[in-house]
Amino acid sequence: MFDRYYDELEVGDKRVFRAMTVTEAHIVGFAGVTGDHYVLHTDAEYAKRSPFGQRVAHGLLVLSLGAGLIPLEPGRVAALLRLEDVRFLAPTFIGDTVHPEMEVVSKTDRAPGGLVVVDEMIRNQRDDVVCTARLHVLVAARPPGI
Amino acid sequence: MFDRYYDELEVGDKRVFRAMTVTEAHIVGFAGVTGDHYVLHTDAEYAKRSPFGQRVAHGLLVLSLGAGLIPLEPGRVAALLRLEDVRFLAPTFIGDTVHPEMEVVSKTDRAPGGLVVVDEMIRNQRDDVVCTARLHVLVAARPPGI
Amino acid sequence: MFDRYYDELEVGDKRVFRAMTVTEAHIVGFAGVTGDHYVLHTDAEYAKRSPFGQRVAHGLLVLSLGAGLIPLEPGRVAALLRLEDVRFLAPTFIGDTVHPEMEVVSKTDRAPGGLVVVDEMIRNQRDDVVCTARLHVLVAARPPGI
Amino acid sequence: MFDRYYDELEVGDKRVFRAMTVTEAHIVGFAGVTGDHYVLHTDAEYAKRSPFGQRVAHGLLVLSLGAGLIPLEPGRVAALLRLEDVRFLAPTFIGDTVHPEMEVVSKTDRAPGGLVVVDEMIRNQRDDVVCTARLHVLVAARPPGI
Amino acid sequence: MFDRYYDELEVGDKRVFRAMTVTEAHIVGFAGVTGDHYVLHTDAEYAKRSPFGQRVAHGLLVLSLGAGLIPLEPGRVAALLRLEDVRFLAPTFIGDTVHPEMEVVSKTDRAPGGLVVVDEMIRNQRDDVVCTARLHVLVAARPPGI
Amino acid sequence: MFDRYYDELEVGDKRVFRAMTVTEAHIVGFAGVTGDHYVLHTDAEYAKRSPFGQRVAHGLLVLSLGAGLIPLEPGRVAALLRLEDVRFLAPTFIGDTVHPEMEVVSKTDRAPGGLVVVDEMIRNQRDDVVCTARLHVLVAARPPGI
């Protein structure tokens, strides 16, 4: 989505993006950077006895991969303003492969660019929807002469 | 908040948590794990010419630190279900020190524990609110005999 | 232990702390940060032919997890002064889950806080003691009015 | 030291090893891998008000660098058995450059190799001794024909 | 370049790609993953006395950023076969911002796709060419129906 | 090789160096630091359907391990000037263990040291040659009195 300028995005535009496999190294790395070493993510013995039956990825890691898996060309996104409603619907386990899908749901001019609202759905390799979110993003106008 | 069981949390409970300094290493690490190397976070020359004037931390990194900075004792959080409304209100720059504050806004029994809704506010060392979020968390009941 | 002030700790206090699974990512990460890429930790073929039969975690990683797995509330630990006797008693393999147990063995006032000596034992999921250590920690007094 | 076999080490052997600069990235990385995000290491505002006046590196990071900065040739170290006495004598700040110095203090045959006791001293660029330790290391004999 | 299929690339195509700032965290991270902790990259005191006057990034890190800074859409690159001639022409210091520029210099059919030879030039924010390389890349044909 | 000064290296000198196992954590870490998250390295589902049948390590990671696996004593390497011809001959999969072998092919005085050209071959545990390269390295002369 965000390889486009404000004027290049239309309500109803849909995109399916590439996928990434969530590895143990992602969970350990995410825990390390954020400090969230909660046992459901990092203690295999505890997780085995939990309803999940195994370690699960942080919901916020999965949500963040949603941003990391889309092309982010310089100059398009001016700011991520808001996540209107993020729902974590299914666990992501080590070895699952997730990808985001997005659809533009509204555009509001805010010269020189505008506010774009995007619905995001993150799916895994079994086609389960693991996370949904509505993003409010300030997108720049195409600079003159480009 | 989440060093407590469902029955130990009351509507109106407020907590201020410890802080962490957001370093260049956090931004590089978060970009690496998530794949989000957007220029506002990783290209100092681009960022210098942007309205921010310098590189900014990923909003989702700041939000994730909100989870990483609170004590997460085993067995309390059963699942993070939803982020009802996340607003990124001010940029976090390299060297800023952020901490979360939380308040329980509602409790709904879902035996054997319950759903706890928490309002979170993340502030920096200048006391700016950089991010707010409403979290819906499934919290476990205190196990008998503990 | 170190979610308490000096005056809140008593000789004989015992605590069992949460566990973490030592993953390949921990070993690669620890090797990377410290520079200790010794073959027993990083070369699976070499390790297979060694008496251990497989890669082992760095002893110092296991010892460091002992610090990382206990709640460290701001303001309690003033300084870690000494490790009196650290013994690495059994190997930690990839996938093992370790946790620390601690007991206060002595307290000596050093106004405004004091020196606390703690015996630490790190166990794995098979209940083997993999590491023991005696820690000398300078702990702060509870600040007035808290 | 540990680029040598048991029979190549003599009591009184001394070595000065290379140095490494302890960066913010080391501290963030070590905190992440071990889970030890204590405020003295990670919260610049807190550290500013502490007796240290700034963030300090984890003692165990500095001690671990002592292992990472020496050449560790395959086949020499059979196991690190014990740290007899580790003392953290001075803080290591971000930007300090530390290096280990070692001296063999005793050798005891344990066929086919032996136990080597080594005194280690870690110094910084101001020549302060920041850490001392006595290491007990099981060292292999030179294999026949090498 | 490699957001295109073989049949979409023409000899003479030129592209200038986005930039990234090389931080201390990149150097520490790259040293950690690869094991190359050479003093010119990791010992600030040593580097100060070297002809470079300060720490320099690994040449292979800069070369690797050349791959990491271009859009790599799934399905285009089948394999990186060869680096014909890589020259490290100027040092990259901490804080420098580098970007790759590429030009297609030849195409050779290798059904179902072909071999594409690309000249790469990596420049910094002072417009110095820090590295050049000639890459031989196996690129896939556009799949029918896409 | 580069634990020696220029005058200590002779044309024809050959060395076989230690090995390291390439883990998922190396690939995730290398992708993170360089930004190269190409699907062949990071998407297990995509890689399964590719000719490789599974995720492969980045060629540049394998090449970089070639530098990380040789002893790099301070003061020997003045600069890595050129990689004359790097060929990626076979894939490196997660769990493969690679090591470099080197041979000095020429020496040219460049007072006070000289240019050393080295042929490198990286092999895996099945003895496949996965990568070859010719390195041009500026090596320092032995300082007087050492």
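We call the chains A, B, C, D, E and F, going by the order they appear; numbering starts again at 1 in every chain.
Keep in mind that, in the parts below, contacts are C-beta pairs under 8 Å (C-beta built on N, C-alpha and C of every residue); 3 or more make two chains touch, one makes a residue touch a chain.
Bear in mind that the values here come from a model prediction, so they are computed numbers and not experimental data.
Colleague: Strictly by the touch rule at the top, which chains does subunit A share as contacts with subunit C?
Modeller: Chains that touch both subunit A and subunit C, as defined above, are B, D, E, F.
Colleague: If every chain is reduced to the average of its C-alpha atoms, which one ends up farthest from subunit C?
Modeller: E
Colleague: Find the chain most remote from subunit F, comparing centres computed as mean CA coordinates.
Modeller: Most distant chain from subunit F: B.
Colleague: Could you please state the distance in Å, as a whole number, between where the Cα atoms of subunit B are centred and where those of subunit C are centred?
Modeller: 27
Colleague: What whole-number Å value describes the gap between the mean CA coordinates of subunit C and subunit E?
Modeller: Centre separation, subunit C to subunit E: 41 Å.
Colleague: Starting from the mean Cα coordinates of subunit B and subunit D, work out the distance between those two points in Å.
Modeller: That pair's centroid distance is 36 Å.
Colleague: Would you please write down the residue numbers of subunit B that are in contact with two or more other chains?
Modeller: 18, 20, 23-26, 28-29, 31-33, 35, 37, 39, 43, 46, 68, 74
Colleague: Quick one: which bits of subunit F touch subunit A in the complex? Just the residue numbers, please.
Modeller: Within the complex, subunit F touches subunit A at residues 23-25, 27-29, 32, 37, 39, 42-46, 55.
Colleague: Using the touch definition from the top, list the residues of subunit C that touch subunit A in their complex.
Modeller: Where subunit C meets subunit A, its residues are 18-21, 23-26, 28-29, 68, 95, 97, 125.
Colleague: If we count contacts the way the header does, which residues on subunit C are in touch with subunit E in the complex?
Modeller: Result: residues 28-29, 31-33, 35, 37 of subunit C touch subunit E.
Colleague: Sort out for me which residues of subunit A touch subunit E in the complex.
Modeller: Contact set of subunit A toward subunit E: 18, 71, 73-74.
Colleague: Inside the complex, what are the residues of subunit C that reach subunit D?
Modeller: 20, 26, 29-40, 43, 46, 51, 58-61, 63-65, 67-69, 72, 74-75, 77-88, 133
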